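In the two assemblies presented below, chain A is common to both, partnered first by chain B and then by chain C.
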Partner chain A sequence: MNRKWKSIGFAAFAAALSLSASFAEAAGVLTIGRREDSTTFDPIKSAQNVDNWVFSNVFDVLIRVDKSGTKLEPGLAESWTVSDDGLTYTFKIRDAKFSDGSPITAEDAAFSLLRIRDNEGSLWSDSYKIVETAEATDPKTLTVKLKTPSAPFLSTLALPNVSVLSKKAVEAGEDAFAELPTASSGAFTVKEWRRGDRVILEKNPNFWQADRVKLDGVEWISVPDDNTRMLNVQAGQLDTAIFVPFSRVEELKKDANLSVLIDTSTREDHLLINHEHGALAKKEVRQAVDMAIDKKAIVDTVTFGLGTVANSYIPKGSLYHYDANYQYPYDPAKAKAMLAEAGASDLSLNYVVNAGNEVDEQIAVLLQQQLSKAGITVNLQKVDPSQSWDMLIAGDYDISVMYWTNDILDPDQKTTFVLGHDTNMNYMTRYKSDKVKDLVAAARLELDPKKREAMYAEIQKTAKDDVHWVDLYYSPYINVARKNVENFYQNPLGRFFLEDTVKN
Partner chain B sequence: MSAGAMSLPSAGWKTFLGRRTMLVVGVSILLLFLIMAIAAPLIAPYDPILQDGASRLQPPSLLHPFGTDNFGRDILSRIVWGARIDLQIAFLGVAFPFVIGTVVGTIAGFFGGIVDAVFMRIVDIILAFPFLVLMLSIITILGPGLSSFYIAMALVGWVSYARLIRAQILVLKTSDYAVAAVSLGFGRMRIMFRHLLPNAIAGSIVFSMSDAVLVLLSGAAVSYLGLGVQPPVAEWGVMVAEGQSFITTAWWITLFPGLSIVFLAFGFSILGDALGELLGVHE
Partner chain C sequence: MHRYRFVLLRPLQFLPVIFGISIITFILVRLIPGDPARVLLGTRATPTAIANIRAQFGLDEPIWLQYFYFLRNLGNGEMGKSILYKIDVLNLIATRIEPTLALVICSVLLSIAIAVPMASIAARNAGRAPDHAVRIISTFGIGFPPFWLGLMLIILFSVKLDLLPVSGYGSTLGDKLAHLILPSLTIALSLSTVLTRSLRAAMIEGLKSDVATAARARGMPERIVFWRHVLPNSLVPTINLLAVNTGWLIGGTVVIESVFALPGMGQLLVRAIFSRDYMVVQGVAMVFACATVLVNFLADIATVAADPRVKL
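For the complex of A and B:
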């Protein structure tokens, strides 16, 4: 027994030695811990942040959003011009290569734009239906004709899902490309994808800004449990971790080896209201619900003070956010009186909660108590997230908390989804207002930024007055990195600038 | 190193404690929780669902002996009130399967033949599924909530009792007094439930004690997954689940309800062992 223990001890020592050796070799490779693993590498076939955040570092786009998340800057398109009628866009493509060494041409750019519009598997085709034609007038010039003028068109080109892909590589086999792209236009190439575990990226030497990239590679590692992921960073097994729970920030800040990074995001959490259900159809009742909710208490309890109270569906800091928008005061007594006046003093609401979502469950418990002070009975219904989405779409709910993060810089996308009377019943709320509907459509066509801003202010005011939903709070992206990692940054649209990240 | 070296000599602690002591300890633990549940309004220092934003995440202190959770609710009060729910889970979660299983097992064992074959195949089918998976699917279909849990428990849990009783009845029905009862012309119902069952049931009673442990833990597991008790009602499994995200910063939210589950389960388990010895049942 004694000898056995000795040999075990020796083996453990040897293992520890070889382990530290393998860590030393991995210098220059940044490991990032996140909840879920990627689902695909075909950009048009995903609408999830987990995928988009990896796409932005593997594929490049024609036009990028800058670090502040408020301006567009040239990407693979060196420059562009717009015709006076706002219908024809001409892009000059930069001298750049795919990772396989072949040149990036206007042909590839046109192919990628038409593919996201026409491909059956595309989740984004609606956003690009406005494109009439896209063709390569010469190898370096892309000409796009639109059906109608569109103010948000340029910003939709910055979406990671419309990244420029190699026509040759995609046509060689779409499914194989989705598993392991053979040519990439971004800072990194996909070396290996261990499904359910990690995505291994390697520096792309042919990237047009290759001299900007300091890292040899990046590994996106899936560690679903929040506590484990934080422990991994604290123990140095991961360089960085994203999705830091609000409750852990204070404690992680005290760790001298770590820096907690709080970056502005476009995330807004809100309470959806089903306008078709009974008394909720009345504006006064919805206003009473808004007044019965203490948003400050949610910010304090759920986000530990890291969030800010929301006053508009367009998040603070985003384009056309109307900062002077009205905010319903927290006043349960007045809410109760308003409900009585509207004949809804015995209001009872079904609240669909995502089971297993820490933040969702906490908000639910808080709201239940707050609303009860205004005499509203809330029945919590915890359901699996896959099921809750279907219930919202079917209208099988009274209230439910959801969140939204912007994909593009322009407010048009979210506005269309939320207020534009699009295909999804105004984001499941079944809100109806012809005034808002017309304004949304008009704002899309208006090319003068000043006039557009005024229109969006009007939209935000009207939606607030109608209580299309209850704005709860804005919250930042919270990531944690070890002290030897620099420039680990995420812009408000979620893009990680890994081309600038340094690991010392 | 062999596995045997690691584990304790089996049943060592039983001989150490002694049969009587075990019985006393087991009954005392259950009584303790029962009193706590019944007198909850008198014992609990605070309202179990009252939120207090000013005293969130307080560590154990004189004011809050078990600390407070992230909504400022008093953990001790929640545990005291939670005893009501958890004892109810343990009792009802065992009672339904016990009754159903006993009736089915008696009938199957007594009649034999086609009746026995049909019932036992149903038992086989249910046993073919993993217990928790079957439970969760039934609850998912019925919708979350405690009543769904009891229904699922009744649908799934009876099979063990049925098997136990059936095996006993099979042996007993050939015994002299059973044959004598038949020859005296007693009715089948009388023979089954007056003569055979009282002699066959001891094993099930002992088993029900250890089953209570399993039920208690599945109840906690189901609530943990969001399918059982719905917030803001205090239940120990839910409390453990809610405290999970604070485990490194506020350990008291999870520790105390977790200990309560362990303690109550221990009470049932030790009582089961003592009853087994007392009734002469060997598992």
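For the complex of A and C:
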């Protein structure tokens, strides 16, 4: 019996050894490790980044955002014109084919736009309610009429969720399409989806820019644990991994086989303030809170110096960012004096913290120490992230750290959420300013870029003066790739330009 | 054959157990604060969009009515639709069963493969140096947290020695087995310590038993006494110990699947809990509950078959 077991053990070990040779991926196929797997291939039914990354590999849009994340460029729409009243948009669709060989027509484009507006399962209906009609006036011309003029409308067409889908393929069965799309308009097609594990993409030979695509395929592989994901790249079993924690950057940079890629993002972390709670209703008190926070210290400790101090809710490098915006100096003594003057010298704040998030918990401890120097008592209340969201909505907090990333290049989307005095209480802050409210609405309708820029500068100045929230820091995307991978790039809106990536 | 009568009667007891579990998981998952619609829509959630999602998935109905629908669906062999993945929960679970099942089986086999020799050495040298060595090794096995142990094994076998895959599952049988070695070993290193202790105690008792003494009196060599009489008898309590540990083992796979990126039910459950995907949490909890009940039932049958004296 002993001998038998021994020989079985040896056999298993030998098998394992011989197998290890097969882990290396095929040449030309790029493997990317990420935290979570996709949830669907129907672009209108997801609002998750994990899905958007893959949607933009598989489907093309009418209008794209360029690599810098600040300009629009033609996608499947070769060109477009806007009527003088700003209500009618006419798009010329380029000669292109779906992966199944059928032509991409204006009818497919109209179908996709109306579907995201009307489909019961669409998570994006609200964003496209502004569309009055969309029709194919001829096979290559799409005419869209809006209910009101809208400066950001063109940039909303660049969202991966409103990608051009094949009407025929979707109508053949929505559920089947969501599982494995049979026709794609983008650089890659979906070959296989192993749920929970990986999405396997293959080069689409019918893509209108097929010459540009160097990779034979892409595999998006789910590796939820940050440590395991990094080890995979270090061991050479994955070509790239995204979401490198700040704390790992220095160590990975020392590995000669790896390049750490730091790309500009639109992420901004900020401290929400509940304007309806006691002394926080006073502008001077909020200004004192801002002055009591040493943002530089947060950037250095939490992001290991990889972030930059934020001075506006519109991130640096984004359209209409006002770089000359005022920045409150770090001055705890003055903050203390201001609080005393406002009759709030015994200010005590309830801080809702996302438990289990390393960065959020670090910021909480730092802020608690910093604010105490200005005489502010901070009580930390750690809760699960989806619970904290409920508490913020209900107004059951004084301060809390949150972040935002843009998914369209136009500032209108974030501005409306944060300062538009809409249904979400100005992103849970309960901030009120008639001046800002009117400016946000006017900036949406203003079609002259120069005038719009001035309006957004005014909004940023006023919001800063009122301390609608405290801007903390901007941080980049941090990804890691083996040295043989070139042009693995993520633009500020999060799109991966895999059509340009090369694996040597 | 009346010793086996329980095989027919016992399943009748399962129904109330599983019914009870369904109520508890149904209520518990809804008691955790948080709203699936809000998680699904992310930071851009508007009140109308949230209301729309809640209506679509019946989350705006009173909780007792939701439970009624859940039971009705269950009667039809369905478990409802996942909010996150928008497909039927049973279909979703079906794609995730294999890695978890394979992990559990490999871990148990590996634990036994580790525990039997360790316990034999300890029992045959009770009170002497080898016995103490085994005890010290066992204490280490329990002391290390599994996720840390898993990462250390990856660093050693995959990064430094480059012998085994870091993480994931495979598509062919051999590939899958290669991917299962490290995660199973991680679980086995802690599970085997529990088994070793129980086996050692049973073996020491067996070595002192009348059967063993009688065998020795007939002139049977000590080695044969051990393999033929002591070992089989000491396996009976071990089977039950394994069955009792099924729940613990399933809990262990949740952590290990995340560390090793195995696309099994544990990972599915974790993500479902974070996104408050109620239907999926209920579904996976039900599958785990049924598995535990079934394993214990099979262990009872095995015990009765292994030992003619046992009556249930």
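Basically, the second predicted complex is superposed on the first by the 480 of 504 C-alpha atoms of A that agree within 3 Å, B and C clash if a C-alpha of one lies under 4 Å from a C-alpha of the other, contacts with A are read in each partner's own complex, and residues count from 1 in each chain.
Everything below uses one rule, namely that a residue touches a chain if its C-beta (ideal position, glycine included) is under 8 Å from a C-beta of that chain, and two chains touch if they have at least 3 such contacts.
Every value quoted in this text rests on a predicted model; they were computed, and no experiment measured them.
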Chain B versus chain C as contact partner of A:K382, first or second or both or neither: first
Which superposed partner A:K483 touches (first chain B, second chain C, both, neither): neither
Touching partner for A:K283 - first (chain B), second (chain C), both, neither: neither
Partner chain(s) touched by A:K145 [first = chain B, second = chain C, both, neither]: neither
Touching partner for A:N227 - first (chain B), second (chain C), both, neither: both
Residue contacts with chain A in the superposition, chain B compared against chain C: C
Contacts of A:D197 with chain B and chain C, given as first, second, both or neither: second
Chain B versus chain C as contact partner of A:Q48, first or second or both or neither: second
Overlapping contact positions on chain A, where the chain C interface meets the chain B interface: 1, 227, 231, 383-384
Contact set on chain C toward chain A in their complex: 32-35, 38-49, 52-53, 56, 84-87, 92, 95-96, 113, 147, 151, 154-155, 158-159, 162-169, 171, 174-175, 177-178, 181, 227, 258-261, 263-264, 267-268, 270-271, 274-276
Residues on chain A engaged by chain B in the complex (per definition of touch): 1, 4, 226-227, 230-231, 245, 247-248, 250-251, 297, 300-301, 355-356, 358, 361-362, 364-366, 368-369, 380-384
List of chain B residues in touch with chain A within their complex: 1, 49, 51, 53, 56, 70-71, 140, 144, 225-227, 230-232, 242, 244-249
Residues on chain A engaged by chain C in the complex (per definition of touch): 1, 5, 12, 15-17, 19-20, 22-23, 36-37, 39-40, 42, 45, 47-48, 120-121, 123, 125-126, 175, 178-179, 194-198, 221-225, 227-229, 231-232, 234-235, 237, 383-387, 389-390, 393, 402, 404, 413, 417, 422-424
